[in-house]
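Each chain gets a letter, A, B, C and D, in the order it is written, and its residues are counted from 1.
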Amino acid sequence: MSKVDLSVDLAGVKMKNPVVVASGTFGFGREYGQFYNLNELGGICCKGLTLHRREGNPPPRIAETPMGILNSVGLQNPGVDAFIEHELPELKQHDLAIIANISGNTPEEYGVMCEKLSAAGVDMIEVNISCPNVKAGGLAYGTKPELAAEVTRMAKSHSTVPVMVKLSPNVTDITEIARAVADAGADALSLINTLRGMRIDLNTRRPILKMNTGGLSGPAVLPVAVRMVWEVACAVDLPILGMGGVARGEDAAQLMLAGASAVAVGTACFADPYAPIKVRDGLAQITSAQGLDKVSDLTGGVRPW
Amino acid sequence: MSKVDLSVDLAGVKMKNPVVVASGTFGFGREYGQFYNLNELGGICCKGLTLHRREGNPPPRIAETPMGILNSVGLQNPGVDAFIEHELPELKQHDLAIIANISGNTPEEYGVMCEKLSAAGVDMIEVNISCPNVKAGGLAYGTKPELAAEVTRMAKSHSTVPVMVKLSPNVTDITEIARAVADAGADALSLINTLRGMRIDLNTRRPILKMNTGGLSGPAVLPVAVRMVWEVACAVDLPILGMGGVARGEDAAQLMLAGASAVAVGTACFADPYAPIKVRDGLAQITSAQGLDKVSDLTGGVRPW
Amino acid sequence: MPIEQICTIVEASKLNEYAYSFTLEVGDMVTRHGLKAGQFLHIACGEGLLLRRPISVCQVEANAPHDTARVVFEVRGEGTHWLAGRQAGEKVNVLGPLGNGFAISTDDRLLLVGGGIGVPPLLGQAVYTAGKATAVLGFRSADRAMLVEDYQDNCAEVYLCSDDGSLGRHGFVDAQLRDILEKDKNFTAVLACGPKPMLKNVAKVAAEFGVPCQVSLEERMACGVGACLGCAVQMADGTMKHVCKDGPVFDAKEVDWNV
Amino acid sequence: MPIEQICTIVEASKLNEYAYSFTLEVGDMVTRHGLKAGQFLHIACGEGLLLRRPISVCQVEANAPHDTARVVFEVRGEGTHWLAGRQAGEKVNVLGPLGNGFAISTDDRLLLVGGGIGVPPLLGQAVYTAGKATAVLGFRSADRAMLVEDYQDNCAEVYLCSDDGSLGRHGFVDAQLRDILEKDKNFTAVLACGPKPMLKNVAKVAAEFGVPCQVSLEERMACGVGACLGCAVQMADGTMKHVCKDGPVFDAKEVDWNV
C-alpha cells in the first residue's frame, strides 16, 4: 500500500492524496483537527463563505433520512474577511490544499470575494452556484446556464488561483450547466451539491427543518453522484472533484472511475470523524489491489457498455 | 384500529385503503398474490405497458445502492392487448382498483392504449411520461412541459376512465411539469418515478447495469419524494398518488401529510412481500393514534413553518 | 479534546418503562480528557442509522483501568430504541467529551430543576456540590419517575412534581421553583434541564428572583463537534450559538426564548 | 407456492477459507411446498441491505417438526459477509421455494459438472439419483475445494480439476467433460452449475456429444419471485426469460450464449 502514488493534480492544484473534505461539513478544520493532523488530507473545502457574515437559517437545521441527512444550515459563516483574518493563517500552517467555497448574492459579490481570497493565498476557489438554502440567487445560479456562466466569468476574471464551479444536482440536465460553466472558463467542476428533500414529523405535522426543505447528502445520494460525475466527465473536458455520499474507499473509487480526479468526503464525517482517512486508505488499497501504481490511474477508467 | 376508515378517493376512483403497489414492482399481481389475497390492497399499478410487446433492456438490470436499488428493466411487457386478454380478467376477479400504467413512443400510441384500456374496463390509467430507461421519447415527455401536456391531452381525449400522469423527479422544477399536465386536463398526478443513478463495479470497471445508468428507488429517495409531493400539492389542485421509498406506515403518512391522497409501495416489496399490508396497517395505527377517524384526514395536513 | 472511544457497557438497567441507565467504560475520558457530568457523548446507534445520538453524561467516575460514565436515556425513536436493546458486555462507539457542562464550583448552593429526561444530567451537579443542592424534579406521572433516590442521597432537599398529580405536587416545576425562591433566594445558581417550554418558564422565574440560571438545551445534531453548524440556537442578541460546541449549557439570559 | 419463513440455522460450518455451509430449519417448505435441491432461497442479509440474496439449495430433508435445507455459499460482498457471520441458533428470514430445480428422474444417469460455488447445488442431484451419477468438480485451487467427500459418497465416479493444478487434473472442467463423453456417451443429461463462461463451454461440449444439458444460471435479482423482471436472461430466440421464475435451471439449448 505504501507503494501507491496517491498524489493527484486538480486543475493545477497538487494534492498529496485525492481526499478532500466537503464544504460545510468540516468547518475550517479546527474541530476535526482535534482528532488527527489535517496534513493527512489532500485538501479542505472550507465552509461556504459570503461577503458579509451570515447567521444562517433558524433551527432545526438537521434531519435524518434513510442513509442520508437533510440540512438547512444556510451558509452561516463569519464572512470572507473574518475567514482571511482568523481562519486562513491557522489552516496555512498545514500541508493541504486550501479551497475556499464562496456564495454570492450577485456576480459582483463573487468577484469581490475571489479577489480577496486570491490575494490572501488560498489554493483554489470553489464557486458555489448551487446552495439550495438561500433564496436570493443561490438556486437560480445553479439551474440556469446563462447565470452560471456569468458568475463563472466574474469569478475567473477576479481570481489568480484556479476556479472550480460547484454544480447542483437539482436540474434536468447537469451537462447543460457544466458546458456553460466550462465555456465561461472554469478550471474545474465539483459535484454534487445536495439534492432537495423534506421530512415531516408525524406528531407535530411540521417539517422537521424550520426551512421546510433542505439538502440531502450522505450514502443515499451516491448513485446519483456517480451518474452525474460520469455524465459531466463525458460532456466537458475539465477536472472534476467528485462528491456525494462517499463513506468508503469503494465509493470514492466509483466516483474516480466515473471521471473524478479527486473526491470529497462530507456527511460521512459526522458518523465517523476518521472517514476521510479511511477513504484515503481504502483508495490506496483498491489501487494496489488493481495492480496500479498511481491512484490517478483510476480517473475516468470506467468502461461503459 | 378497526375503527379507522381507511377508504380513499383518488380522482373518483374509490379504494378501500390508500395503499397501492407501484408500477413495475408488482407485475400484474400474480406473484405476490401467492403470498396474500390481492383484496388486501387498495389498488395495483400494473407493470408498464406499451402498445406492442417489448423484451426490455439487456441484463444486468438491477444494482443495489445504499438503501436503494437501481433498475433498468426498460418496460419489458407483453403489450397492451396481451394484458387485456391474459392479465386483466384475472385481476378483475379481485376487489381492488386496477390502474394500467402506459408508455408510448408517440402521443398517438398513448391515445390508442387509452382507448383499449378504457374499453377493457380498467379503473384508471397512469400515464408514464417519465420512464428514464427508454431512449425514444420517454425521458423527453417527462422533462418538457409542452410534450407532457400534449401526451396528457391525447390520453384524456381517448379515455373514459380517470387519467393520472406520472411525473419524473429528474427535473429542475417539478411544479412546472405538474402545472402543464394539470392544465392539459389530467385527473390526478403520481410521483415520483425513479431518480437516475449509476453504480460501477470496481473490478470489471463496468457499470453494473448493462444500460450504464438506471432508475433509483427505495428508502434512499423518500425525502426527495416527500419534498416533490409537497411542492406539487402546493402548486396544483389535483389528487396525488405519492410514492418513492415507502417501506413503513410512517413513510406513507409523511407523503399523505405532504399532500398525497393515496400512496404506492414499490421497492419495499422486494425485501418484504408483505410491505404493502404493513404500510396499510401502520397507516391505520398512526391515524388512530392521532385521534382521527379517517386516514384521508392526513392528506395535505402538513403545517409548513 | 474529544476522542473516539469504543466503550463497553458495564451496567445496563431499566429505570422505568421508557428510561434506561447505562454505565460505560470510557477509557481515560474522565482522567485525561476531563469529561464531567453535563457534557454529552455522541453515540453511534446501529448500522442502519447515519447520525450519532447525543446523550448527556449524568455521573462520571475516575477509575483504573477505565473511567466510567453513566448515561440515562429514554426511548424516543429508532436510535434510542436500538440503544435500549444493548446488554451489559456489548460495546458502543462514542465520541466525547463534547460540549461544556455547567459552570459551577463545589461551594455553590445550587437549585436544580429537572423535567423528565432532563432530570439525569443534573445528578452529577448534586454529587459535585456534596449534598448542598436543592432539587426540583418533575415527571409526567409517577411511572415515569427516575433517580429520585439518587437525588435524595445527594441533595439537601428534593421536591417532586408531576403533571398529573400521581407523584408529589400536582403541576409544573416552575411553580415549585417560585415557591422555593419566595422563601429562600440564597442560591448561587439555578441549573435547569428539560423541555424547552419548561426551561423558558424556569429562566423567567429565576430572573425574577435575580438568581443566575444555566440551562441545558437540545437541538438536532449532525457532527456533534462544531463542524457542521447544524445544532444552532438563536441567542437574544440575534447571533447563533451551537449546542454541541458552545453548549449544551447556556446562560439563560443569552438565549432567545421567543423562537 | 413460495412462503416467507423465519429459519433457525441449526448447523453452521466453514468448508474452506471462503465457503460456508448452513443447515436451515425451513418449516414445512420441503414436505408441503416441495422445496428441492437446485431451487433457491432468497435470504434477507442484515438490516442495512435492501435486497435479499439468492442462494441455491444443495440438499433437503423432510423432517418433523421442521424440514431442513442445506445451503453453501461463498463470501463475495456485504450480504454474504453478513450471512457468514451468523451462528448456529440464529435466525434468518427466507423466501422459498423459489425457481425450478433440475428436471430429472431417479433413473437418470447424470453427468454433473460444477465449478467453484457452482459445485454445491448439484449435490442434491447426486443424492437423488442414488449413487449413479458421475461428477466433475472444478475449483480454482486445492484450498477452494469443498464437498468432495459428499460427492464421493453419492456418486459412481468423481473427477476433480483445478485451474492451477493444485488439485486433481490441471485445467478446466469442460476438458474433463470431453474426455468422459468421448469414452461414454450414455448419460441421460449433463447438469452444470458455475460461472457463465464455464457453462457456455460445457453446453457446447454436451451439444457436440448430443447429450441434453441443463444449466443453472445466475443474474442480479430484486424480488426473486417474478414480479420485477429484474433477473432477465436472453434466450436464443431473442426473448427474455427470468432466472427467478423460469430458472435458475434452463435447457442449455434455449440460452443465448453470445451475450
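FYI, a residue touches a chain if its C-beta (ideal position, glycine included) is under 8 Å from a C-beta of that chain, and two chains touch if they have at least 3 such contacts.
Predicted, not measured: the structure shown is a model, and the values here were computed from it.
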{"item": "Touching both chain B and chain C (chains)", "value": "A, D"}
{"item": "Centre distance in Å when chain A and chain B are each reduced to the mean of their C-alpha atoms", "value": "34"}
{"item": "Chain centre separation (chain B, chain D; CA means) in Å", "value": "36"}
{"item": "Gap in Å, rounded to a whole number, between the CA centres of chain D and chain C", "value": "57"}
{"item": "Touching two or more other chains - residue numbers and ranges from chain C", "value": "48"}
{"item": "Shared-contact residues (touching 2 or more other chains) in chain A", "value": "63, 66-68, 218-219"}
{"item": "Graph class of chain-chain contacts, one of line, ring, star, complete, other", "value": "ring"}
{"item": "Every chain pair meeting the contact rule", "value": "A-B, A-C, B-D, C-D"}
{"item": "Chain A partner contacts - residues on chain C that touch it in the complex", "value": "1-4, 44, 48-52, 95, 219-234, 238-240, 245, 259"}
{"item": "Interfacial residue positions of chain A with respect to chain C in the complex", "value": "24-27, 30-32, 34-35, 47, 55-64, 66-69, 71, 73, 76, 208, 218-219, 267, 269-274"}
{"item": "Complex interface listing, chain A residues touching chain B", "value": "63, 65-68, 70, 143, 170-173, 195-200, 202-207, 210-213, 216, 218-224, 226-227, 230, 245, 250, 253-254, 257-258, 286, 290, 301-305"}
{"item": "Residues of chain C that touch chain D when the two form their complex", "value": "46-48"}
